[in-house]
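In what follows, a single structure is set out as structure tokens and then discussed.
Letters A, B, C, D and E mark the chains as written, and numbering starts fresh at 1 in each.
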Amino acid sequence: MTNILEVNNLVTSFQTEAGRVRAVDGVSFSVKKGKTLGIVGESGCGKSVSSLSIMRLLPKPSGVVESGEILLQDNDILQLETKDLYKIRGRKISMIFQEPMTALNPVHSVGKQISEIFKIHFPKMNSGEVLNKSVEMLRKVGIPDPEKRFSEYPHQLSGGMRQRIMIAMALSTEPEILIADEPTTALDVTIQAQILKLMQDLQKETGMSIIFITHDLGVIAEVCDDVVVMYAGKIIEKAPVIELFKNPKHPYTIGLLNSIPRLENKRKTKLNCIDGAVPGLLDIPKGCRFQNRCEYKISECEKKHPDEIEVRPEHYASCIFPEGLK
Amino acid sequence: DNADKNDDKSIKKPELEELSDDKVIKGTLPKGLKWLTNEIDPVFASEDAKKGGVFRASLRSFPQTFRSVGPDSNGGFRSYLDVNKMSLIEMHPNTENIIPGLATHWAYGKDKRTMFFKLNKKARWSDGVPVTAKDFLYTIKFHRSKHIVAPWYNNYYTKEIDKVVIYDDYTLSVSCTKPKPDLAYIVALGPTPSHFYKKLTKDFVKKYNWNIVPNTGPYQIHKFKKGKNVIFKRKKNWWAKDLKYNRNRFNVDTVVLTVIRDMNLEWEHFKKAKLDTFRMPYPKFWHSKSKTKVFNNGYTHKIWFFVDKRINPQGLYLNSDKEIFKDINVRQAFAHSMNVEKVISQLLRNDYFRLNHAYEGFGKYSNNTIRARKFDISKVKTYMEKSGWKRGKGGIWIKGKIRFSVPVTYSSDVLTERLVVLKEEAKKAGLELLLRKYDNSAAFKKILEKKHTVASMIWSTKFRPTFWSLYHSANAHKTQTNNVTNTDDPLLDKMIMTYRNSIDTNERMGLSVKIQQRLHDLCYYVPTMKVPYVRQGFWRWWRLPKEYGTKSSDDLFDPMGVGLAWFDKDIYDQTKSAMKSGKILKATTIVNEKYKTY
Amino acid sequence: MIKLNPLTIKKIRRFKSIKRGYYSLILLTIMILVSIFAELFINSRALIVKYEGNYYFPTYSNMISGKTFGLGENYDYETSYRDLATKFDTENSDNWLLMPIIPFNPYEVDLKNDSYAPFPPSLKDKHFLGTDTQGRDIIARVVYGFRIAIFFSLFLLFVTYIVGITIGCLMGYTGKLFDLFFQRIIEIWSNVPFLYIVIIVASIMTPNFILLVLIVSFFGWTNMTWIMRTITYKEKEREYVLAAKSLGASNLRIIFKHIIPNTIAIIVTFAPFSISSGIVTLTSLDYLGFGLPHPTPSWGELLNQSWENLDAWWISTTVVTAMIITLTTVTFVGEAVREALDPKLHTIYE
Amino acid sequence: MSDLLEVKNLKKYFPIKGGILKKKIGNIYAVDDISLSVKAGESVGLVGESGCGKTTLGRTIARLYEATSGSITFNNRNITKLKYNDLKSTKREIQVIFQDPYESLNSRHTIGSILEEPFQIHKIGNKKERVSEVKSLLKKVGLPEDAYNRYPHEFSGGQRQRIGIARAIALKPKMIICDEPVSALDVSIQSQVLNLLLELQEEMKLAYLFIAHDLAVVKHISDRVAVMYLGKIVEFTDADSIYENPMHPYTKSLISAIPIPDPSVKREKTILEGDVPSPSNPPKGCRFNTRCPEVFDKCRKVEPDLINISKSETNHLVACHLVNK
Amino acid sequence: MVSYFIRRFLLIIPTFIGITLMVFTITRFVPGGPIERMISEAGNMQNSGNIQSEQDQPLSEEQIEELKKYYGFDKPLITSYFIWIKKVLSGDLGISTRYYDPVWDMIKNRIPISLFFGSIALVLTYGICIPLGVLKAIKHKTLVDNITSIIIFTGYAIPGWVVGGVLMQYFASHLDILPLGGFVSDNFEELSLSGQIFDLIKHAVLPVTAYVAGSFAVMTVLMKNTLMDNLASDYVKTAIAKGLPFKTAVLKHAMRNSLIPLATGFGSNISIILSGSFLIEKVFNIDGMGLLGYESVLLRDYPVVMGILVISSILFLIGNILSDICVAFVDPRVQFE
């Protein structure tokens, strides 16, 4: 299967008051055409930064991609001129964000914000067409009474509606890749289910690829084809979704899967858990980043961060004795 | 003179009956009156004077009204109105003799309280209406009216002026309520245009606030822009222009008075020739600020002209109702702690002179032997110790719990720097002055309520010295009287009463001198300084007579008051072209000491 | 030593990194310190006098009369130490004295017989920046004027903040009628032309320092009150307050231990601006002649003098410069504090 | 075992104020006629969508909000209307843990003073005793002793939540209202905190009112679970039966909406249409009728009562016309 | 919406009464009104000029009482307040006790002048602050930002009237290229239209600078800070992610939101437009409302003071409402329920 996007050795850093920190440190993954790649990991592990790097949407001047390449159909996005970049953003790669509350401009009507996309990318369209297209998009994402909603403002809509608008905006140009950065985290489960279903339907319809970022393994299991697990700025495991859930190899992934309370579990039992907390970017340990929380830690782990090993076909993990576990 | 009257038929003079609810008092002229006039005193204007030109001067604030009576009519602008209102008789500025005004002749009555006048038949109001005896009768009625909201005038025209009697249209008499010394100056009323005011009503104050009232003098307001300027124009056919003492005076055609709120701004305007003269009594302007291009290049000149006139008593008035000043020793010590000499010599560049007492400049009425108490620390010590005071810790005199620390109430900004120096010097003498500046009316209120301890103020003067309201015990220890020192001395009271009731000039002179000595001895007042001259800068195209001014000149270039200056077109052109080409002319400073008396 | 909250330390560090504000603060502190001890640098009294074997330290002591130093039998008043110095010099004894750098106090009129104030700067006369129109040393006037202005502002700040914080907190915390009532009051108060009223009051009663502080704060309290009300209103809804409430904490405890400490940042942010407005207010009032009574050293008075004596460039230059330096340093400090406490994310995109 | 907490017909309406006169122009029916009880040592879970009134219910019980009507009986004492002084002793016994570990700790206080505060408020012990008490609390929740002098922001979210827990248990309460204590935490941390809560319950015989919107978490920790929808309880029974035998259509769809972390399981989902209506203007009849997949006429008119449908001794309360037919 | 404004207007009433009553009370208890002025004038008068008199003292008690009656000071405070407010309601602001002109006429004459300066200053302030704020936000912490900061804060720190004084001394007195204050030249009427415009501009340059110097900083910084907040906001990120060039995103998305706080302050600026700054007007000898107010206070012309207060507080209150409208205009979230 063809990869539509390849990220190779991406290193992204930020200038902070305490100095320069690497939020993403040598990340590589690829997105298959028409498939969904899930990126999972705890808060602060660099999921958003990776996706923003792909969009070249890092907040300047503090955030910079230090090295690596991001190949969109063999073109390195990182090398693009700004004006070419504008042609890719929103057209070939679209993005939706976690907070539907703040991601829409409160002072413009939703209709205006959707039409804007058409105006940017299809300057030849006349205003009538733009209007029709916009309303059609609204209808497509399941907004009831789209003609009326068109002229409403974001604050008049519920969170779920707003996220639908975001999706409508992101998909109106029929992009090849959609990056969804925790699109449902802020929503209730019942609404989350609606949105997830919508995204899956639309993917089927358009055949686009999705990068789905979340920290909810349940969501991953439901929507993704491939999964990337990140920890403290690095990818520690990647695999197709069924493989990952069946045969997690990295101690972190294992711990993560075990710590989820499940409905079918027995009540009030002690949950498995990973002790300690994610290290801050400023005090990342030398060697394996997971070492201080790992129950299998040996002195070897302190030397260097382990290389990625293909433990099974298409299943990679960064651990020095992945085979030895379990 | 009916010919004139018929010139303008539209203006009809009201009949006398219309004027007054009271019956008009028409009398018959007493026999044996000795009619006097004066055509023999020297003239003081220059033969060379030419008519023409525009004179630009400034007003510190726009007048609050064009009325000359009623609320707020007593501001700085009042004088511009007054100089254009002639009285029955006028006073020669140099000889101080009576000269004709609206009246050509005058005579004294036997009762010593009445004078008789014959009006000049040519006299006209500015609207062309003849001035007649009725206008004087109306003056009394007018000033007695409640509607003008001028309680002081109401009083004066009731208690001082008794009546006007008309003998015919051009003959009248004016009486005081009782015999008076210097009667002529009291009864020399100005007329009020009865045809203009018609009936007075309650809304007088508002109704006539901006009305241009017909006058009898050389100029009349031509137009004005509220808040900005007032323009006077010379009357081309002024009825009195050929009177002996008026010839060659009032030469300027147009007088423009512009509001400039601040002296420094005024100075800037003057330097740009937007004003024609600039008064510089303050040493700062005379000595240093005038060292500027226009003066150095001789485009503007300076004149320092001494005058000889009644001195306004400036100084520190001690309130003897305050415990501390009940003691004459303390008052004297106070006087000796005031280093006025230092203020004069080191701050005011010796341009000012020490005032010796409150009644200087009244000729024989003045006691010229009195000398002000000088700054003298040892005398202060003697007086204070005599009353049992001691120097306290900070060097300030104390007695029991009382410190010799007194607040000085004042309201004028210019006084501040002088008081600051006095304060610093007084500290050496063991006296602490606390400077308390109040807004003008607040200060006045405080002083009239006798709440001050020391008041630094200045009274205006009158023609002759007056003592009763300022120093008689009848006015002490109560509010709203002018005895702000609360002077209460039986001996003094007796002399004041005699002086007041006497109409014998010599007796009055003698008493006046004695009273002044007594006042000096009692030491309720510390005289400070006087400025017996006029100092002005002026653009060189303004010309003055050889004498420059009169004995009592206030402003040498004032076009409407004495009106001696004139505009010289040739010099103007010459100067302008010099200014354009940058040619330097002769810098000129005139100093005239003809009337310097010391 | 009290352990500072590391957040506070971070803010302080951030403040220090804003150079403009940091150096302004240092400069301002130096200025205030110098002005507090101005008597040591600028004074007509000697720092030390050695006379007939005795040492005298007149600076902070009572007046010492000239008699003490044998200046004459009637010399009951304050010694002129400059004269004394001349005397010692001519006598050739081992008496000596040490004068401050600028041997004048701000009230002293140092006039001359042959020339007239204002005197231009002169090293010889030790009037390094000249004198004003009464012959008083400009530096002395400016420095002591600064001292008064800054303390005026600090007192003003203190009074308005006390009132503002108390009422504002109560308004925000209790809400309801009390809040509504004071809202109206504040609306009314802030609409009253305050300078006019101060002028009216000042023109009839020659205010002293305390009185002027009170008059000005009488109209100045609304700002802080409003600010405090707004913050308290927000703060009281926050979860840590609820947490304290759920522990059973009393309202007083919540206000004083929780809410006020959390508003300090905002209060601090406003302080420099309040100080500069205090200085400007006093200067304006003095300039108009409604401030502290003469001869209190004051910038407003000097400004007034300088407009009137433009040829005496040293007056206007000095006072305007002093004003610019002070107010800009205060403003820069304020700006830096604001930036340190509430740093703005600087974000631009490609 | 008698009930430790008994809530009867509790209502909490927030006035909607409008206009400049801030007049009341409506109500938010945040908690509308709720009755429930908690036994000593028991944990009762509370789930529901955002805005359905969970927090409000918890806070009203903790007397942080004034109830609009209804009664709250704690330890056989009616605390609904108690004033500050009488309430103090109750406050010792009911404590609250908040959702946001960042917001609920005063950032200006050290951990030491945060944890000492309960003792100060209730005037317990002297300074020395308090310090040692605080130290033992720190130990109990698994924080290092040197935390005493440090400030909240120096800790991670999970650690801060432990501080919040320590504060809540400081006064040895009988009951803790946990308002989404783990929602803001990462999965790996979440399990640590849940374990801690379970341990403490065991040790101190605490009763929990455990609020969360994650049904799995609620089920894991609770003995009984109440499902809330728009200010009302729609179903209330023991934790296992709510999962195994949900009766209310809302509960059913809630369960089906929960993503299962197992890609191999594929199940049929009932996805609810539309959004939760506004609590200021709840629909007539059954509040769920606008979204219910099985809605019929009656639902739009008549509000169903919460009725026990269980035949066994454990209650199973449901408010649905389908069930109560 | 209509009812909102009606209620908003109704709320003006108590505030308005509060403000006026307070000032009215103060003016009542302060000496120096027309009566005190007459007393002191009478004191001076009998000591001045030609008129000779010995008996006289300043006014007697009865005379003072009569004057009080004339000016209406004989009634108790509340009564006279109500008389006053009744007159105000009928559109009569009373008569100046200084010029005896109707107060409204006096104010009316000053309005164009203050309006002229005020509106130029306002337009300039907004016209410069907004772009400058944008520039500074984008160039945060660069040389441009730092230099402009120093300039505007220096401008902010020094009071406008000091700036005005310094400027006037330099440009008008020293260099003599600009006029010495005033609103227009004396010969304004005689000038041609272009001459008049030029004359106006010449006179306006310095006062406008003085007016603007201070208000600059506040607005610019406000603009900068809110814009920076908005630039960091999610929706700008969204806009850019849509493919909008950064500049367009700033102009179309961030700007409008940043104008909201500026719009909030718009109302109070309206009232400043009219009331002006008396210190600046004093320095430049401009006959505006500010100077009128100041002089009236100094000379205790209380009807005028009260008149100005009426106008300015109504303007202020209306300004608040205008602010509301402005905010509603840029921010659709605001509603007048």
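Here is the rule we use: contacts are C-beta pairs under 8 Å (C-beta built on N, C-alpha and C of every residue); 3 or more make two chains touch, one makes a residue touch a chain.
A quick note: this is a predicted structure, and the numbers were derived from the prediction, not measured.
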Which chain is the middle one, judged by CA centres? E
Between the pairs C-D and A-C, the one where more C-beta pairs touch: C-D
Taking the mean of the C-alpha atoms as each chain's centre, how many Å separate chain D from chain E? 55
In whole angstrom, the CA-centroid distance of chain C from chain E equals 28
Listing for chain C: what residues touch at least two other chains? 203-204, 307, 310, 345-350
Can you pull out the residues of chain E that are in contact with at least two other chains? 31-32, 173, 232, 236-237, 240, 298
Taking the complex as given, what residues does chain D use to touch chain A? 49-50, 156-159, 186-192, 194-195, 198, 213-217, 219-223, 239-240, 243, 253-264, 269, 271-276
Quick check on the complex: what are the chain C residues that touch chain E? 20, 184-185, 187-188, 191-193, 195-197, 199-201, 203-204, 276, 280, 283-284, 288, 303, 307, 310, 316, 320, 323-324, 327-328, 330-332, 335, 344-350
Per the contact definition, I'd like the list of chain A residues that touch chain D in the complex. 42-43, 144, 158-161, 188-194, 196-197, 215-222, 224, 241-242, 245-246, 255-257, 259-265, 267-275, 277-278
Under the definition above, what is the set of chain B residues touching chain E in their complex? 61, 64-65, 71-72, 74, 82, 87, 146, 149, 151-152, 154-156, 159-160, 180, 182, 185-186, 188, 205-206, 209-210, 226-229, 258, 260-262, 265, 268-269, 272, 439-442, 444-445, 448, 459-464, 466, 468-469, 475, 480-482, 500
Residue numbers on chain B that touch chain C, as the complex places them: 263-264, 283-284, 287-289, 291, 342, 345-347, 349, 377-378, 381, 391, 393-395, 413, 416-417, 419-421, 423-425, 427-430, 434-439, 442
